[in-house]
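When the chains are written out, they are named A, B, C and D in that same order, and each has its own residue count from 1.
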Amino acid sequence: MSVRIAVVGASGYTGGELLRILATHREAEVVMATSREYKGKPITHIHPHLRGFYPNLRFTEASVEKMLESDLVFLSLPAGVSKNYVPQLLESGVKVIDLGPDYRLRNPEDYERWYGWSHPHPDLLAKSVYGMPELHREEIKGARLVASPGCNSTAAILALVPAVESRLIDLEHVAVDVKVGSSEAGRKPTQGTHHPERANVMRPYEASGHRHVAEIEQELSAIAGRELRVAFVPHAVGAIRGALATAHTWLTEDDERRIMKAYVSRYGKEPFVRIVRGPPVGYPDPKYVVGSNFADVGFAVERRIGRAAFMAAIDNLMKGAAGQAVQCFNLVMGFDETEGLRFPPLKPA
Amino acid sequence: MSVRIAVVGASGYTGGELLRILATHREAEVVMATSREYKGKPITHIHPHLRGFYPNLRFTEASVEKMLESDLVFLSLPAGVSKNYVPQLLESGVKVIDLGPDYRLRNPEDYERWYGWSHPHPDLLAKSVYGMPELHREEIKGARLVASPGCNSTAAILALVPAVESRLIDLEHVAVDVKVGSSEAGRKPTQGTHHPERANVMRPYEASGHRHVAEIEQELSAIAGRELRVAFVPHAVGAIRGALATAHTWLTEDDERRIMKAYVSRYGKEPFVRIVRGPPVGYPDPKYVVGSNFADVGFAVERRIGRAAFMAAIDNLMKGAAGQAVQCFNLVMGFDETEGLRFPPLKPA
Amino acid sequence: MSVRIAVVGASGYTGGELLRILATHREAEVVMATSREYKGKPITHIHPHLRGFYPNLRFTEASVEKMLESDLVFLSLPAGVSKNYVPQLLESGVKVIDLGPDYRLRNPEDYERWYGWSHPHPDLLAKSVYGMPELHREEIKGARLVASPGCNSTAAILALVPAVESRLIDLEHVAVDVKVGSSEAGRKPTQGTHHPERANVMRPYEASGHRHVAEIEQELSAIAGRELRVAFVPHAVGAIRGALATAHTWLTEDDERRIMKAYVSRYGKEPFVRIVRGPPVGYPDPKYVVGSNFADVGFAVERRIGRAAFMAAIDNLMKGAAGQAVQCFNLVMGFDETEGLRFPPLKPA
Amino acid sequence: MSVRIAVVGASGYTGGELLRILATHREAEVVMATSREYKGKPITHIHPHLRGFYPNLRFTEASVEKMLESDLVFLSLPAGVSKNYVPQLLESGVKVIDLGPDYRLRNPEDYERWYGWSHPHPDLLAKSVYGMPELHREEIKGARLVASPGCNSTAAILALVPAVESRLIDLEHVAVDVKVGSSEAGRKPTQGTHHPERANVMRPYEASGHRHVAEIEQELSAIAGRELRVAFVPHAVGAIRGALATAHTWLTEDDERRIMKAYVSRYGKEPFVRIVRGPPVGYPDPKYVVGSNFADVGFAVERRIGRAAFMAAIDNLMKGAAGQAVQCFNLVMGFDETEGLRFPPLKPA
């Protein structure tokens, strides 16, 4: 029997992507898709690509009572909104995969520092699992609340984990430069996402400290076994999908084989991480993971000055959002981890 | 037991798309992928998105002897090349889905007129089936040789069939304006497909008579029961995937409901044709079928001057090439027609 | 001494383009730039590319009193707004170049039919000159009110004028298929212009009758000397700038040289119309006029079925808006017609 | 009387851009445009946007004898080719602006290290001036040989000069992450620049050490007064024009005002450098300089961890190539430095 799923915040891009994936997932049945703005409308009103799928599904309002009729809820909501639903859902035995940031940080003070509000349920932070299977697979398996990370964090962390873990880089000087496609900003039109303004940009933003740094530092510090600070600058670039993290680092030891070994050791058995070594394509590029849950990782070493660049490329809506959430869902429910996610990327696209 | 498949011409975009689809097709096993240029290289050399799929598949040369080890061959080759392989394959009992034009035209003289060579096997033209399931489903089912049409023809024909069939338009004045993405021109770099030259274009090409008109007129004439001539101008526009046909016509009868009825009657039960009637999205747009085998069709009537525009939107590499070929493959083999093709389009992309 | 110019509606794309052109125009001084939304802000708030130009210019509110301090006003406003300002400006001796539709149609009833309101100053329609120098140069020279046309109309009319004028086509069956870039929809973000939604589209819109058909038919009918009806379907395609009109027609006489003669006769001496005959580039493409005031025109004849496609390519913000308006301005003021507009297009872009 | 100009390598994008600029330059007359591949063809064969300009100019072969008929030669050639022409031109009194790398490095050994050949005229390296007016204006004024830098170097150097000069950053840890548009790779089609492959990429390349690092380190070391090493990773992103350098650094002193002061002191009077401080647009973006010779510079400080990002945005074909070369030309000839370059950027584009 299928798991009954509610997708809360279903009119956004991540919500739409959850619906796209779940349409072919053999263990899931979407029983609810919420949208305040479009309640009453068929989901194809906003997701015309899904014509012919979910023929009877209409957006409803996000009421907790209705959510309780499902077995598991995906929350795809703006920062600060999930926390209004999660406690009641958990109490009622409904499992939660939260795609927002409300339960990603373990230290309650970090919410004040980075988000400007104090967390109303600090106890739940200890129970929430950071939903990156490559780091927390076993914990996710038994979890009732998974905080599934977004694209900036996923790309930055996946790029750096092997290097941090194997102590091959100077942890005092790590600069992560991220490039993202326009879908990262969500479905709501703004001046900055208007096509004539957004196309062809190479636009740095939140360059003085981006909220997602909090989780990147949290996860990498845990791996390093010490506090680690990351310089982080995201850039909007000319694409709809994709996120690339390029981490600029200086090596403590100039041994390319050890780096490769650290990658293989960490990612060799991961179902959705692919290590890229050219030729012909030398480095990861989100272009080759579009539409899929894969993360392509790789690196470059410049011996002349003892430095290395570590890269991770993902589809921001997939491994950077909905795909990773479904991967966590599979783990939580005890399904094959790749169920619903086995399709290749789309290229050229 | 799986059908053993050879993909001949596997380094092109259509070949890559066949490999992408067949990777999740439950009845197919790709045993051979040919490429003269890249023989000996792993397929990921050219298709890096397929890393992790087909781990042992390398390009080989296209030898007929090797092809005979397969049950069915997809030929994805330039015009004029398939005909070198087809007779021998058929004689040996290997089924063929040809994605090129060599067996699409029924009248051998049309090859001289449009392609400039005389067809060496005119007898086979009578045995070949034009691979558009919406028109020739029953014939395809028993076929040994299917000539699967390309994107211009598929879009133009699907847009016009209901109107032509129901005699609602003036058949003397039909102008089809097509827009296509850059992948339509194939994987080979040219001056015209160089990114700085190709991005942002609105470029008419072959505006004095495009080869594909031959098949469009052939199929529509058969439906009309009389000779029909089509004015046809394709345009390269700024996208990688997608083909949109807008057929400008004048109505013999101004009855929008009859048009709708003709559409529903023709396409209502088609698994891959979706009739678009807004709001919110009023007309077909390839944007909403990217990566999938769907064709979205629709129309607009201007009563003031008794005219209508009929539109069809497809992904040129899917319903306009590889997807349609796999749909035909399913019919030929007696599988569920939608096997391997049930996934939704990718959006936003 | 420079002409004192007011740009009313200066925060839009057309307004920004006027400011860009006038920055190097040797006879103009911009003394006023209005924007209700951004009044008080420096113009670089919305036009950051203009940093360093107009260092002291700030947006002000659009008050007629203030406009009277200028010699000439460019009105770049939504349909229906210009008519609130024009009568008073003219009475006070201020010349007006209106880039909106309020004074383009000669027949007052057309405003009711196409725009849904009755024109408050039908007398002024007779005094207004349709601002296409290729058709009305002499009238523009003495005009006090010029109604400068937009991109759809300019492209469609320029494509068809020689063919209509020389009676070479069947006037009963003319279908104009237009492709436009995203800047055509203006600076205001909407769901349809949001980058992830707008990029890569091939989207028909207003396919049942677009307002601009009114002026296209008005101007072409005047040239034909009889009523002429045009089937017209615009399409949004993947570019920021550019408009291409492809007019599908059937020939009354199949004589390509006569067509060419008609083009040369009409456009041979036009400073901003370039006749395109390949190779290497066979047909007009807006790609080659980006940023400039040029219109590239050309055609294709298919003798087989006696039809021709006539094409015109423009930059929608230049020859389709601000550039043409400045060309009219030069004529009105008696300046060299090309002043401020002599720079080549930008390519690749 | 105009300066007679030869553009050698005129069929490339930089050559085309030189022709575009010089078309409106009041002191220059282009008497020669060379292209081996297209000799004999009119320049519009390759540069169709220039139709109507240079009506009689055809490509010729690059013979030194012919070049000697000009007063000044722009050399826009692949690495290693300029050095075949330069000595003879200088001897004959013809001035040279070289847009390639052959005369940019002062240390002859650097050519062996970075380019793999030994320089045949090491004496000329001492006479050549690095063509960045912001650093070497006075030397350029009297120069006979100017080595005009390319886009990576220009963006990286302009971003970092004030910080390096004012000793505000840790010089041991400087990582420059560059994003560039597709025109940077030139006019020759390759697999990597084919539109379906190039569109939407976020592609790191030459990440283990790019040749242009040599000049970046040369110029910044001269300013620092000590050897300085730069980690440098360029990325191809989805645009035709534009280059953005984001330099990730750690501060020795956390004083944002001192940084701003260093910027104003260095760039306040530069005709083509604009310091960007938001709102509304917070950081430099090549989007706002497209088509122009401007460099927009800016920075972001994150006090929490004492780091700063320094950015510079240019049009790679203008301030990163042809525009800068013309700026040098003006200085060499004693013209107003901004002649031919005063036009604003094109936006939206």
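Brief remarks follow.
In this section, a residue touches a chain if its C-beta (ideal position, glycine included) is under 8 Å from a C-beta of that chain, and two chains touch if they have at least 3 such contacts.
Just so we're clear, the structure is a prediction, and the values are computed from it rather than from any experiment.
As for how the two copies chain C and chain D face one another, over half of their interface residue numbers coincide. With chains reduced to the mean position of their C-alpha atoms, the one farthest from chain A is C.
Each of A-D and A-C has its own count of C-beta contacts, and the greater count is at A-D.
Each chain gets a centre from the mean of its Cα atoms; for chain A and chain C, those two points are 46 Å apart.
With centres set at the average Cα position, the gap from chain C to chain D is 36 Å. For the pair chain A and chain D, the distance between mean C-alpha positions equals 38 Å. Listed for chain A are residues 13, 181, 183, 196, 199-200, 240-241, 287, 290, 348-349, each touching two or more other chains. By the touch rule above, chain A contacts chain B in their complex via residues 13, 16, 20, 23-24, 45-53, 183, 240-241, 274, 276, 279-281, 287-292, 294, 296, 342-349. Contacts from chain A toward chain C in the complex involve residues 13, 181-183, 187-191, 193-196, 198-200, 240. Here chain A touches chain D in the complex through residues 173, 175, 177, 179, 181, 196-197, 199-205, 207-209, 229, 231, 233, 235, 237-244, 246, 248, 250, 282-287, 290, 300-302, 304-305, 307, 309, 311, 313, 348-349, going by the rule given at the top.
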